[in-house]
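Sharing a structure here in structure tokens format.
By written order: A, B, C and D. Residues from 1 in each chain.
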Amino acid sequence: MNFKTYLESTGKKAVELAKAAEKVTKETGASIVVAPQFVDIARIAKAVEIPVFAQHVDPIKPGSYTGHVLAEAIKEAGAVGTLINHSERQLKLSEIEAIISLCRDKDLVSCVCANNPSVSASVAAMRPDIVSFEPPELIGTGVAVSKAQPEVVTNTVKLVRRVNADITILCGAGISQSEDVATSLKLGTSGVLVASGIVKAKDPYIILRAFADATKL
Amino acid sequence: MNFKTYLESTGKKAVELAKAAEKVTKETGASIVVAPQFVDIARIAKAVEIPVFAQHVDPIKPGSYTGHVLAEAIKEAGAVGTLINHSERQLKLSEIEAIISLCRDKDLVSCVCANNPSVSASVAAMRPDIVSFEPPELIGTGVAVSKAQPEVVTNTVKLVRRVNADITILCGAGISQSEDVATSLKLGTSGVLVASGIVKAKDPYIILRAFADATKL
Amino acid sequence: MNFKTYLESTGKKAVELAKAAEKVTKETGASIVVAPQFVDIARIAKAVEIPVFAQHVDPIKPGSYTGHVLAEAIKEAGAVGTLINHSERQLKLSEIEAIISLCRDKDLVSCVCANNPSVSASVAAMRPDIVSFEPPELIGTGVAVSKAQPEVVTNTVKLVRRVNADITILCGAGISQSEDVATSLKLGTSGVLVASGIVKAKDPYIILRAFADATKL
Amino acid sequence: MNFKTYLESTGKKAVELAKAAEKVTKETGASIVVAPQFVDIARIAKAVEIPVFAQHVDPIKPGSYTGHVLAEAIKEAGAVGTLINHSERQLKLSEIEAIISLCRDKDLVSCVCANNPSVSASVAAMRPDIVSFEPPELIGTGVAVSKAQPEVVTNTVKLVRRVNADITILCGAGISQSEDVATSLKLGTSGVLVASGIVKAKDPYIILRAFADATKL
């Protein structure tokens, strides 16, 4: 679950949201990862036992960089992985590869986002732990990628598998119904990337629980 | 004091460094601001009473942005201001102006960095709270701007004052001796921006104390 | 007149458009500058006698840069100036200043774009030859800045003059009627920046001629 | 041959250099492509019969873009292909994919640069016509990649072939001796990307001729 920079997922509310996710994990056994803003990583990592990811990390080593995000810093704050190249935080190709390599060194899980099947295959060739396919035009629309473009998801899985047999594949964009989660899994992915569908919900717990239950279908 | 992304100023060590700065402030009355990495802002703001700045903030409002830094988030974490456009995190002109405007709205202190006299004047025309002149070629060298380019500092102060009578002027780059601090003030600035000179010191407290004392000369 | 990257202003059609502008200049004495794409600069500069600008130039000196645009190269191709920091090609503050300085050295006219009054003042403080105020939200709309935001134009002129008495001030965005040109001049500017209003017109010559005539009112 | 932005390969001198390359092609049958600056494409394409590439093209369609480089424009100027993502003009991953796709549509040859083996494989997965492996730390040094890192070239060829059987593989960086060309071919590449080694030579024709002869060994 990507917290992005919504007010509903900033500061204290971010902690509450993470606790709701933890509750669902305990109840259902579903694997839920939360990706809050940088400043909220430390207190969320203290407050919950489910995995915390950063939303981004910079391809740098410790040194003279201002306003950058150090892998060592998010790790000390309690993050166990990071999103990379989200469509709202796109990176140069060489930077993506450098961050994947950095994550490998620092034992952080790397989850790289891709906007189409060809880019997904390209990402898979760099061997991160996870590739997440998200067509940007569907992000935040409530129209799920699994419903609007099922054949594109299938094609992505096929192209990705051709270059990388082991990588975990997620999809996202517009996931707002529990059936979207179930469909995504049937299309060959191992999970979904969600944000506004849960963060902006009246009761995030209820939606999260429904999503978690849908993974069991 | 800009903590940058040195290991010596990350996580627990960042808290210790901030406490050393707080101690010097209490002993000398000198005004010291610490600018740690995003993930460390919250714990440092809790641990010390001196002002905490972010090293950067993004020109965005709450919403669908991944891996960005929200003004509301750094404020809730305890920051009271932010560096903007550091030479290691340069921004587009329109972004700088948008962040200054955002800081005004959110009651955050805006400190914009500039790499030469002309850029400093340009920054001053946008009316942030503080402009900090730092020639990038001297950053991290230990050769102080106040010693290497005193006439450039003086010229910067003159050009800045021509367009903005009220702005606070700092200078930085290579500040490593207490006499560099004293000289900077004599050249017409109100303070200095420091990083490696203190962060990488064997005993940061001793250097900070000497710098604080130098402001009284 | 900014040719942007419309098909109607690319290649041979770009030459025809420049010739139409030259014709209007000869007929009316109005000062018209054309800013075609990089690849078209040379043939247009050969084909017409009116001034040709680049749409952008990079802050670099001759050397090991790939895919960059060298001031020396646009000059040898026949350009006499360049747009800088157009809202569709925004630059870091230090880059803008470096390009202004480069233009001064190479005897090229520098025309820097700005998206609001505060940014316009900031640009003026760096002393380019021309500042062009264009609110991005009106670009390409046909709703002229001079009609929609006359007080913002006036305020821009005031703020710019406060920091720079000599600079030439243009405005742009949505200029599509000859009365928009006349109004812009009355609001204190010395001319307008136009693009789609002319490039996409059925007969660009007629619109250009009407615009030129409007400058005499 | 990448002309970059050297004065020795700008304007009239760029035309002379292209003619030297054409002469070598006629004498030896070697396939030489020249990649001049944007403003020089048209006159070089008129002056010589060997293929002309752009050094970069933007991932845009005709429209409201200022200071951008349109595929249609470089094509009308006479280019038959383009470099993409050179280490001196790096792009976001989604941009690279969009440009490859654009080149396919416009019948332009796409040559994507990559800085290491993993990035080369990633590029190959997007199926451009050519991938060119160039370790940035060797560019312009005169220390050839084929001599300094032969096993890295071999490894790149292996990783690239695993995801793409058809792609043309080049290598570059530091190529300055004709034996570097011969070695590069023996390591499994189909050619080399060169720049300063020829552009900055006293007599580029002599070096080019030696390089062309080395491809026959």
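Here is the rule we use: contacts are C-beta pairs under 8 Å (C-beta built on N, C-alpha and C of every residue); 3 or more make two chains touch, one makes a residue touch a chain.
Being a predicted model, the structure only gives us computed values, none of them experimental.
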| item | value |
| --- | --- |
| Touching both chain A and chain C (chains) | B, D |
| Averaged-CA centre spacing for the pair chain D and chain C, given as whole angstrom | 33 |
| Whole-Å gap between the CA centroids of chain B and chain D | 43 |
| CA centroid of chain A to CA centroid of chain D, Å | 36 |
| Where chain D touches two or more other chains at once, by residue number | 87 |
| Arrangement of touching chains [line / ring / star / complete / other] | ring |
| Partner chain B, residues of chain A touching it in the complex | 2, 4-7, 10-12, 37-43, 54-56, 60, 62-70, 72-74, 76-77, 83, 86-89, 139-140, 195-196 |
| Partner chain C, residues of chain B touching it in the complex | 85, 87, 90-94, 96-97, 100-101, 114-116, 118-119, 121-127, 159, 162-163 |
